[in-house]
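For reference, the structures are reproduced in the following blocks.
Across the two complexes that follow, chain A remains constant while its partner is chain B and subsequently chain C.
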Partner chain A sequence: MLRNRRTEMMVAYILVAPFVLIYGWMFIYPTIQMVRLSLTNGPLIGPGKWIGIKNYVRMFIDPVFRKSVWNTAYFVVLTVVPGTAVAMAIALMVSRLRGWAQSLILSAFFLPYVLPVTVVYLIWNWLTNVQFGILQVPIAFFVGEPVNVWRTVPWFMPGAALITIWWTNGFSILLFLAGLRNIPQELYEAAALDGATRGQMLWRITLPLLWPITTLCLTIQLILQMKIFDQVYLFANGGQTQATMVMVQYIYEQAFQKNAGGYSATVAVALFVVVVVFSVLQYQVLRIRGTR
Partner chain B sequence: MSDLSSTADSKKKLDIGGLLLTALSVICAMLWFFPVYWALATSLRSDDETVTDFAVIPQHPTLTNFIFDIEHSMLPTWYLNSTITSVAVTIVAVFMAACTGYAISQLSFPGRRVLWWTILASFMVPVSALIVNHFIIIAGIGQLNHYLGIILPMLLTPVTVIVYKQFFDGLPREFREAAVMDGANEFQLLFRVFLPMNWGVTTALAIITFIAAWNAFLWPFLAAQNETMMTVTVGITAVQDAFGVAYGRVMAGAVLAGLPVALAYLLFQRRVTQAITLSAGIKG
Partner chain C sequence: MKLSIKAALLAAVMFATAAQAKETVVWWDFLGGGDGVRMKKLIDDFNTEHKDSIEIQASTLAWGTPFYSKVQTSTAVGQGPDIMTYHASRIPLAVSESTLTEISADDMKTMGLSKDSFAGATWDAVHVDGKQYAVPFDTHPIVLYYNKDLLAKSGLIGADGLPTGMTGLDNFDAALKKLKADGNQYSIATVTADGSFAFRTIYSLLCQQDGDIGTDGNWFPGDSSAKLAKAVQVIADWVKNGYNPAKTDYPSTVALFTSGKAPLMINGVWEVPTMTDLKAQGKLFNWGAIEIPALFAHTCTYEDSHTFAIPNNVGVTVDPAKHAAVLEIIKWMEGHALFWATAGHIPANKAVTESAEYKAMQPQATYQPLVAHGVFDPKSIHAGVASPLFDAAGNAFTPAINGESDPVAAVAEMKATLDALQ
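What follows is the complex of A and B.
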């Protein structure tokens, strides 16, 4: 028996070894190094001097850092709740359909989700092209003239948010569809017998029973969108980047354009802390709900 | 998705509200899909016609943009780079996750709980905060602009381990006991008994890992500064004059970059759906 226990342990260690190696090297070690680097004035590559919490003091009074936090929060507000609401509406539409019609319509809504961000950027950059973009037709209709969306600050974040919702909504749609499928059909049959209308069934049965999935989607989206970088970076390229700076972009800029390794690590620690705090909150919410 | 139809009530009387809702769904789906369609349509138009022909269906469809891109840009190289890195990430990440998930679920060993909590914790951590230190590590081992350097940081896929662990947790213990009686060792158990029992989970995880690796932008963008080492996802925008200033060619490049993942989704729709619902921790 003892022999068995020992072989079981050996096998377990062999099985987890590659994972532990990669994890230690690519996750634990860089996390510790990030904190250490944030306490120095080092460049991206090379030694720096230990300066204690000076970077943190600087960060709290840095107007560009504040701007990046504000823009990230603004982007989160523009995407999380509207995106989840749109996903729910789409899932409700799709779940009514049957067979091939359902597969076809769902594919149309889901396909953008699997596309690379650069493809999404190229497509929308062409659609919004100020001279020849097809979307300038409705824009000119409502605003009176074509708008250079990605060079006009008030348009930038709403535009990026709209595209993000278009791009990432497939994920939430699938979760809502799974949630809808788990609602017992008998509830609707009983309600129909009682003469309930379509609207009553939606408000009294579907929406309350979808609430757990809704909170799940909202929290997943919240944490995902706080890490916004790709779209904003691509659309802002060559333009006024400070006005539309988001947190990950500021890490990138400080590290790779300003060669300020220490300060960029400080901003990274800030992002790290914010995301972990929200994730722990999410975990607690889910645990209270009892799904994990 | 056909399992949704089990509840279909095929014999309904004429339902105006329902028909209107269906019509609305179709219109919304067409609008939603329009950007992708317009990119396809533009990619099939000749240079002049991209700015003169706004018909929904291209008047004189042509493949010249695609041929130009393949012949005059590094697209074939980028394709090769993307394929090598994505396939490597998929194989290594899924294999590691299966082994780790199995060990945590079925075997007892000191450190098991610590490992499991570390994985759950890492799930909460933004990898984008680690880019600076990933860059320093990879530069330190001289692997920037090499496949290994692009691949290594992308192997962090805690969700895959979590899904595997939950999958193995759900299997009946009798299988294990019976196989142990028959004298199978632990490795045979994993690869001959447990994994083959449900290849669906492995396929599903492999497909979304592949799609995520193909689509990865931030890390490959930092790790491959050299044009010959770029992935498709990075190359089509990082190289400003990749296709010249011609919208048709740019759209053809976008179509080619998105094609493999779009096909992966269309061919394995059910698996993608399964993987996404599993990764969110809900029953599909």
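What follows is the complex of A and C.
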């Protein structure tokens, strides 16, 4: 059949148009508006005066902003690689199980993932309550006295990271399990015939073939954890919020509590740039390693 | 009487309408706890009584910042409710954002209320620059809850059946020492995990020394900084001496008190229903609640007020019939505030607190007189519940009351945070 290239292009444009329009309207336009707002001193609602890059100047000398960048980075370090490693380890173990035992254990690990963050908060707040929490028994055993994890600054981020890994691990485990099932069984059989040990099989077959999944998990985790907000907000509420401030929380606080729409947008632009740079960088780095 | 007023109202505002239609009033509140249950009952009663004329369609939203940002954003686009509950302490910010409609003198007359219906500080708290923006429904201060059985054991209950020997900081600390020595795990339970909650106590103690929190530019006038540090030191000392649990959150302090592990507790009057209900189930000791004693020069307690406010929905022309219905609701609620008092809150309407029924309510009637010398949040757009001021208090005071930082340094830090607000 003869095709007219021009009509073909037309059809293609018409087919992608709805997506492009909605994407432009719901994503590109608000992003431009955010950058525009960051150059004003506007409140949360309503117009503001154009103040150029004043907000950006303020941001770079703002100690709370620096703290929030540092805390976000610290949280990312505590969650992304450890979380992915834990998920991989669990997936490797779960994949050795068969039948209902596997389903049971898998659902046990997946269960926290379906909980809303408020429930996660309530469960862990109850577990770690300084007066009545049952986790205070082991804490008191190791530290010597009960510790309010959420009101002791050095404990806060590791605590939040631990809960986040517990909470969000189920999804990564599923991804790893899918990856493990995609590795052809013949490879292991061939390796066994060649006299490979289990350690060698893990290092030479399983891990290299899981690399694309690992890359995916790390990227998803990185973007997700850079946007950390809910857990930190809930656990810190009322206490030393500045000492444990993370970037999205700072955006929220400036916009909704301090009514500083302009400055809030400035911090949001900063986070946007950071997320874009890091996800591109990470993807490139991991791709290079993967094609080696 | 009520019917005739309503008829007059309707006649006055509904002359253009031939038939009387049932008016639907959208209501938003942030009352989620025990008081929320009571408010729902009041709303149901109202709806039953007005089933031919007015219907309240109520929604309860999350207390604090979520409620206020929703109100602010929705009124800006004309999608706000017709009536809402509002904290008096949040009115200055709301007015600066044009979120609220002014309550006119005519409105007050229609509702049969006036300046004389309310305590001075409460009345003042709903005004900004001489204009009234809300109708106070209650006053909710913090009070001192006590375990009568344990206090009696330590000889701290007087002949009148109320706690005694607690006036003045030295006496109060001596009482705490005695309670601790008599084998109580803690002497007093105040929230120490949340400096912004502790701020209510600290602010009361500041006021007791005639200290003040000002507004923008001059946050701590005169020697208020030193007095504020002194107030912080009081709680820090309780924690240091083991009288008060360290880094303990709100629910835990209530649990420590109700389980008899701490014979005293400073908390809001809204915990009264918790005690009443437990007592009714036979699960609580003899208890009471009194005004926080004068630890310094005189008594003075932090309080806030739940008020009724009418949002300024941008672009929406107010229908007089709707406005009349809203006023009728406020009037009715103010008249039925006695039931609201069971939630612990002190009805703002003096006609209610002066009634014989209210005077028979305990412990409400015991602590009610404190409204005569209460102190509200400073009138600043940065003050009020869940405000930057509370936030600054949380950041500065949480470590200070738990002995992790020096109170004087904490006050300086708080001042720096407040000065940086813009």
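The definition used in the following text is that the second predicted complex is superposed on the first by the 251 of 292 C-alpha atoms of A that agree within 3 Å, B and C clash if a C-alpha of one lies under 4 Å from a C-alpha of the other, contacts with A are read in each partner's own complex, and residues count from 1 in each chain.
Criterion: a contact is a pair of C-beta atoms (placed from the backbone, for glycine too) under 8 Å apart; a residue touches a chain by one contact, two chains touch by 3 or more.
The shown structure was predicted, so the numbers you read here are calculated from the model rather than taken from an experiment.
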{"item": "Partner chain in contact with A:Phe256 - chain B first, chain C second, else both or neither", "value": "both"}
{"item": "Which superposed partner A:Ser264 touches (first chain B, second chain C, both, neither)", "value": "first"}
{"item": "Which of chain B and chain C A:Asn148 touches, first, second, both or neither", "value": "second"}
{"item": "Chain B versus chain C as contact partner of A:Pro43, first or second or both or neither", "value": "second"}
{"item": "Touching partner for A:Ile90 - first (chain B), second (chain C), both, neither", "value": "first"}
{"item": "Per-residue touch tally on chain A - higher for chain B or for chain C", "value": "B"}
{"item": "Partner chain(s) touched by A:Pro208 [first = chain B, second = chain C, both, neither]", "value": "neither"}
{"item": "Touching partner for A:Phe132 - first (chain B), second (chain C), both, neither", "value": "both"}
{"item": "Touching partner for A:Pro158 - first (chain B), second (chain C), both, neither", "value": "neither"}
{"item": "Residues on chain A lying within both footprints (that of chain B and that of chain C)", "value": "44-45, 129, 131-132, 256"}
{"item": "Touching residues (chain side chain A, partner chain C) in the complex", "value": "43-46, 129-132, 148, 150-152, 237-243, 253, 256-260"}
{"item": "Interfacial residue positions of chain A with respect to chain B in the complex", "value": "7-9, 11-13, 15-16, 18-20, 22-23, 25-31, 33-34, 37, 44-45, 90, 93-99, 102-112, 114-119, 121-124, 126-127, 129, 131-132, 134, 166, 171, 174-175, 177-179, 181-182, 185, 198, 213, 216, 220, 223, 226-227, 229-230, 234, 248, 251-252, 255-256, 261, 264-265, 268-269, 271-272, 275-276, 279-280, 283, 286, 291-292"}
{"item": "For the chain B and chain A complex, residues of the former touching the latter", "value": "1-5, 7-8, 17-18, 21-22, 24-26, 28-30, 32-33, 35-36, 38-39, 42, 50-51, 54, 92, 95-97, 99-100, 102-104, 107-110, 112, 115, 118, 122-126, 128-137, 139, 152-153, 155-156, 161, 185-187, 190, 211, 214-215, 217-218, 222, 232-234, 236-237, 247, 250-251, 253-254, 257-258, 261-262, 264-266, 269, 272-273, 276-277, 280-284"}
{"item": "Touching residues on chain C, where the partner in the complex is chain A", "value": "65, 69, 72-73, 76, 93, 97, 193-197, 245-249, 251-252, 255-256, 386-388, 391, 394-395, 398-399, 402, 417, 421-422"}
